[in-house]
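Here come two complexes built around subunit A, the first alongside subunit B, the second alongside subunit C.
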Partner chain A sequence: MNKEVVAHIENLEHTYSSGHKALIDINLDIYKQEITAIIGQNGSGKTTLSKHFNGLLRPTAGKIFVNGKDVASRRVSEMAREVGYVFQNPNYQLFCPTVLEEIRFGLKNLKLSDEEIKARSREVIEEFDLRGMVKKQPVTLSSGSKKIVALASVYAMDPEILFLDEPTTGQDQYGKTKLGLLSRKMKQLGKTIIIISHDMDFVAEYADRVIVMNESRVILDGTPADVFSNEEVMKTAHIMPPQIYAIGNHIHAVSSETRLSVMELAKVLAEGDYCL
Partner chain B sequence: MSDMSMYIPGNSFFHKCDAKVKMLLLVIVSIMAFLFHSPYLSGFLLIVGAVFNYISIGNRMFKHMLTRMIIIMMFFLIILHGFVNPRGETPASFFGQEISLPFFGAYTYEGFYLGLVFWLRLSSIIMMAELFISTTSPSDLIHGLHKLGVPYNFCFMVSMSLQLIPISVREAQIINSAQRARGLPEKSIVDRFKGLLPMFVPLVVSSLERMERTSMALECRGFGNTNNPTSMSDIVIRKSDIALMVITLLLLVACVIIRIRFGSFDMTDHLTSWADCFRLVAR
Partner chain C sequence: MSEYILELKDVNFKYENAPTVEEPALKNINLKVKKGEFIGVIGSNNSGKSTLCALCNGLIPKALDGEFSGQVLVDGQDIKDVSTAKMSQKVGLVLPDPEAQLSQLTVYDELTFGPSNLELPREKIFEEADRVMKLIRLENFKERSPFSLSGGEQQRVAIASVLAMNPEILVLDEPTSNLDPLSTQEIFEIICKLNREMNMTVILVEHEVELMAQYVDRFVVMDNGRIVLDGSPKEVFSHREVFEQIKMFIPTVTSLAGEIDEEYRKWGNYEYPITLEEMIKIIDSRKE
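And now, the complex of A and B:
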């Protein structure tokens, strides 16, 4: 398969002014139209890494390229067209009196014409199913809806790459599914999506690729199946794989089956060849 | 970000000193600074304060916000007063030349003298405040205030607000980056001013929300059950603290006596040269 690279990182390092080395020797390629998940313990450097893509943080050493261009020489507001970033806490992001204005804020910054802004915001409201709340004050929404609105307001700017920092925290199952399906939809529309998450079930379900970070380094990079069946790395990074993978890993110990999805597991169980 | 609370942890004499003693020191210095209308005593206090600060926090005192404030004030007060002080009469000579501004007139000896006295008074107090702030941890401060009879709830409120400053600064930074990430223009200074509004709303909202959350959490943990909660640590007043207190009190008494017997050493009406500004008594 020939994958198109949208972002490329070379020997990236970041040291905070406190002296803490939050990123060490990161080398990565991010591929177009993939959902990439970044997982790892608290403080492993996930947020720090992602903030380099739009220049919110600048590398202490190394380089980062988005669409072939070096981020170092560009302003954050300029990068906003290409890289959207949805913050962990939507409260920091929402400030307009209504949801509609919230969505239009970014579009105005892009200096689009009035017609374009209207058309685009209508489109986004449709896609994110926000019709019921356009007139509401973002501050008064539930935390799940706030996250969706924050995402919508960033998505409206039509960035090629979208970062979602812990979108599922505080979401109920309905909200999570909605987010997952939205991510898939955005991917089909040609977006590249990077999700930082502690929700392994969500990652297993929706990610095409998983990057595991531990103590400021990337320690594993692969498909969800590869990553979650690597018990050694899971242990170092203190990650509990989703139950289905845990079962798969255990069965792997007694049979020769390797990775399992729910369907595969059902098949193995039905055929009854799991007991040696 | 830790330098926002301005407390600099350490192990010096003044760090171990009781907060009440330091508070008293600050009060005495404030009185002494305004006792005389002459640069000498407040100048002396400024130097002593600077030495104390240096002993306590070393080189970090030069980077301290309050030290910077003193230096900025020096330029403003001494230069501005020289030109604008209404008591200014005698134009000062700078190597035989007068310097004058349109509308305000010439730089005068009286203005210089008054500016200098005013600056020294303020900065000696600020210097002592810097010593106090940078060597007293917020919890010691609250503790000291409470011991002095300030109601516990009020002390607690003060300490919570002090902690809020660094948190809000941090929050403001996050909010600002969230908005730059949505393409908020950041080219010119005008853009930056425009960026203040989108920053303001989330900041206020989150502060209010945090306030509500904190107050609920406090109540859930029994805050307000008693007005005199017990405390974990108790700073004891050492002999050296008492010695320091006695010395400063004696100094204060001596100064008050001098003030009553000999007056305030005000030179404003006797200025004809630069040297006059630094004379202790009129010729």
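And now, the complex of A and C:
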């Protein structure tokens, strides 16, 4: 199957006015309807890279194309329709008196008709299962619900690409699972998802592809199995692979194509079908 | 002197200004903490963990309104009988967001702020600030604004400023929830050092069970305002069914051993592993 490219990055560099080179020689294609995770230590360039997708930062060398069009020739306000951001802290994003108004806020800015706004917000409330809380004040919600409302309000604007910055911080198991499943759902509904995360268990479970950044460069790009079984790269990037991959690597039970699960690893261990 | 440095007896608490929440935040809490213990408190969001923290230093019932019943004893003394100033020297509280805790122009001011409020003599204030600055290795940041620091550095300053008060118990409410893995590890190591080398009693609320399993002596597991499990990491994680019921993760290696339970028992008389190192060791010894 041919994958459709939604963003194309060519020899991208970004040097801040301080002289710090935050991105060096970045070449990437981002594919439609994939969940791509970008991982790496703080300061490795993840956030700088993400800000190039909507033109908040402009390349100091190289190019980035979204939907075939050079971002350099487009305004940030234009790009906002194509690339949506969900911030790490939902409190920075939510400000309307009710959840319903929060969902409708972005749609109003898109200058849709009242009918269209109603129809779209109904759809989103359904898809994100928000019926029980439409009249509530976002500030009174639990941190998990806040995250979901923030996600829904960005999704409502129908961007091609959704950036999720640290979606799981402060979330419990229930919240994490819900965010993971919603990411999958958005993907099935046609969206391209890019997750920036330190939560390796979450990345291992939900990402289709993992990009590892270190000192302003992409140092590895592959499936979760490719990445988490590369012990050398994990060490360089100061990343602890999920326990499941640490054991999988130890008994040589990781293959590039399969996502390792507890069940699968348990089977290998129980059958004694491994070598050290 | 009491045998326990902290004792919670039949504590119930219901927030006054929580119109959407019908149920009490804490129900029938009984907890005894010995000097020098390192306790990890885990539970889903809204299970009562932060309320428990506020209880340990007297914020509840003194500053937060609600219906309170039961008794909290610090060092054998009922917290109702201890002034807030005295409590701040007994129990130090570190919050999830360091920016909510820091307020001064420089890191050093942050460290002297607490002791100044205790009306200590000038030399003693600097002595305390210098002590914690060394302990947490903040010398390089001394004159910096706390707000120019990274999240991990800010959290270290917050911990140091609390330690400047010389508390007997350190309570940390999700101190690493906004930090990257390297800073998280660093904070864990600092906490561990305080516990092991200075015999500091630590109560740590966190979501990172795999990391906590490497450090804590004891886990307290909360669900819906109650303590549902309380014991050593091994004991607690052997109740896999409870964690399943309250929808909480246990270390992957523990789930793994549980998944192959029958086979695992044949491997030898091993307890369930709770850290990666243990599991690797068991797997290795089996192949030898």
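Just a few scattered comments:
Rule of thumb we're sticking to: the second predicted complex is superposed on the first by the 262 of 276 C-alpha atoms of A that agree within 3 Å, B and C clash if a C-alpha of one lies under 4 Å from a C-alpha of the other, contacts with A are read in each partner's own complex, and residues count from 1 in each chain.
Convention: a contact is a pair of C-beta atoms (placed from the backbone, for glycine too) under 8 Å apart; a residue touches a chain by one contact, two chains touch by 3 or more.
Here the structure is a predicted model, which is why all the values come from computation and not from measurement.
After superposition onto subunit A, the modelled positions of subunit B and subunit C overlap sterically. By the touch criterion defined above, A:Gly84 lies against subunit B but remains apart from subunit C after alignment on the C-alpha atoms of chain A.
Contact with subunit C, but none with subunit B, is seen for A:His250 once the two complexes are overlaid on the shared chain. Applying the stated contact rule after C-alpha superposition, one finds that A:Ile195 touches neither subunit B nor subunit C. Once the two complexes are laid over each other on the shared chain, residue contacts for A:Ala266 go to subunit C alone; subunit B is not touched.
Look at A:Ala152: by the touch rule set out above, it reaches neither subunit B nor subunit C.
By the touch criterion defined above, A:Gly144 reaches subunit C but does not reach subunit B. Touch criterion met: A:Gly175 reaches subunit C, while subunit B stays clear of it.
Within the superposed three-chain model, A:Arg75 lies in touch with subunit B and out of touch with subunit C [touch as defined at top].
Two complexes overlaid on chain A leave one subunit B stretch from 42-50, 222-230 or 258-266 clashing with subunit C, and it is 222-230.
Against subunit C, the residues of subunit A that register as touching in their complex are 41-42, 88, 140, 142-144, 169-175, 198, 201, 238-240, 242-244, 246-247, 250-251, 262-263, 265-266, 269-270, 275-276. Those residues of subunit C that touch subunit A in the complex are listed here as 20, 43-46, 96, 150, 174, 177-178, 180-183, 207, 210, 247-249, 251-253, 255-256, 259-260, 263, 276, 279-280, 283-284, 287.
Residues 51, 54, 56, 75-77, 79-81, 83-85, 87, 89, 91-96, 105-106, 109-110, 139, 153-154, 157 of subunit A touch subunit B in their complex.
Interface of subunit B with subunit A (complex): residues 171, 174-175, 177-187, 197-202, 205-206, 209.
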